[in-house]
Amino acid sequence: MKSLTEYLWFELPRRRGFVNITDTVEDLVRKSGVQEGLCLVNAMHITASVFINDAEEGLLQDFDDWLEKLAPHEPIGQYRHNRTGEDNADAHLKRQVMGREVVVAITKGRLDLGPWEQIFYGEFDGRRRKRVLVKIIGE
Amino acid sequence: MKSLTEYLWFELPRRRGFVNITDTVEDLVRKSGVQEGLCLVNAMHITASVFINDAEEGLLQDFDDWLEKLAPHEPIGQYRHNRTGEDNADAHLKRQVMGREVVVAITKGRLDLGPWEQIFYGEFDGRRRKRVLVKIIGE
Amino acid sequence: MKSLTEYLWFELPRRRGFVNITDTVEDLVRKSGVQEGLCLVNAMHITASVFINDAEEGLLQDFDDWLEKLAPHEPIGQYRHNRTGEDNADAHLKRQVMGREVVVAITKGRLDLGPWEQIFYGEFDGRRRKRVLVKIIGE
């Protein structure tokens, strides 16, 4: 069994944002030499997500609007968590909707993605350095 | 390490629907010959889901009603994504709630499911051909 | 390839609750002897979740309030599923938001978690015995 472990760093300039990381993950699959296996990509922080969806700017904005409706940032006093001095309770909630991780098949040495599948890092409490873990196992 | 890769095709006659694919996945586990391992099942399209829940008709209808409340299809003009000519922005959102994939343990050559766990394909923008990927690795 | 399969049992005294299971899972990783691999932790019941988020009491209460807003328990007659004699349709919905499973990387014989990542069992229909599956594969 082969394996590869890599940590990607992010620091987004605003509270919320999305970054397409498909090419970076694909490069790591190549580097791993794994032909058949699984690739786990997960946020290591609990106010961020890794998810797969469409690389379409309008849709990413729709996600942002929708998450803000499901779990509004303000008023920050509506969340018990924010009594700890934080203002990011909404980010913990938003990340549950979008998910922590994706697991992608590796077939013939490539990410086995559908035609429109793109891997995104989703940030809901930015302006700090955060990591994403890529773990590849297989043969 | 053994592995197996298979693609399941779906074309649902309506916009939304659920299909129980548990038996099909179980057959693939048997075919793989894997005794101990992991089975990834994921939608390859970004307006569909693979999830695990109960095979109860009333509940599946509850899911449909609930998702329509969380991310209504209409008015389609409420979503920026639909300005591209699509009308399926809601389907991209619904799929995030239900999830893209499941990872199921394989133990002694069988899917290691709880008593009520059933694997479903969830379609939110049907009437077109779509694929689900089954990737099995283990020994 | 090494593997380990373990079932954790829970019986929560109330309908809803969260249990931090990080140390238990970490112990199983040690027991497995796996140095590089993947650890799947999933609810085996469809009205419960396994998820990763913050071990902060206020936030856990925020999750509970928020899920109750997204998928209220009452009136129970609002859900078709409850016509079967159940009163737990909301629990099936809540679990989709929080997710069924997490997949965590194992690196150098340890769970490769970010600084605040903690693994939780989330119960939405308690007062009955339920299981969580831990499946570890790797080398």
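Think of it as A, B and C in the order they're written, each chain with its own count starting at 1.
Just so it is clear, a contact is a pair of C-beta atoms (placed from the backbone, for glycine too) under 8 Å apart; a residue touches a chain by one contact, two chains touch by 3 or more.
What you see is a predicted model; the values in this text were computed from it and never measured.
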Chains touching both subunit A and subunit B, listed by label: C
Same or different residue numbers at the subunit A/subunit C copy interface, by half rule: different
Superposition rotation for subunit B onto subunit C, Cα-based, multiple of 5°: 120
Distance from subunit C to subunit A - Cα centre to Cα centre, in angstrom: 20
Residue numbers of subunit B (touch at least two other chains): 1, 38, 70, 97, 99, 103, 137
Subunit A residues within the subunit B interface of the complex: 1, 36-38, 51-54, 56-59, 61-63, 66, 70, 97-99, 102-105, 107, 112-117, 137-139
Residues of subunit B that touch subunit A when the two form their complex: 1, 3, 5, 38, 40, 42-46, 70-71, 79-84, 89, 92-93, 95-97, 99-101, 103, 131, 133, 135, 137
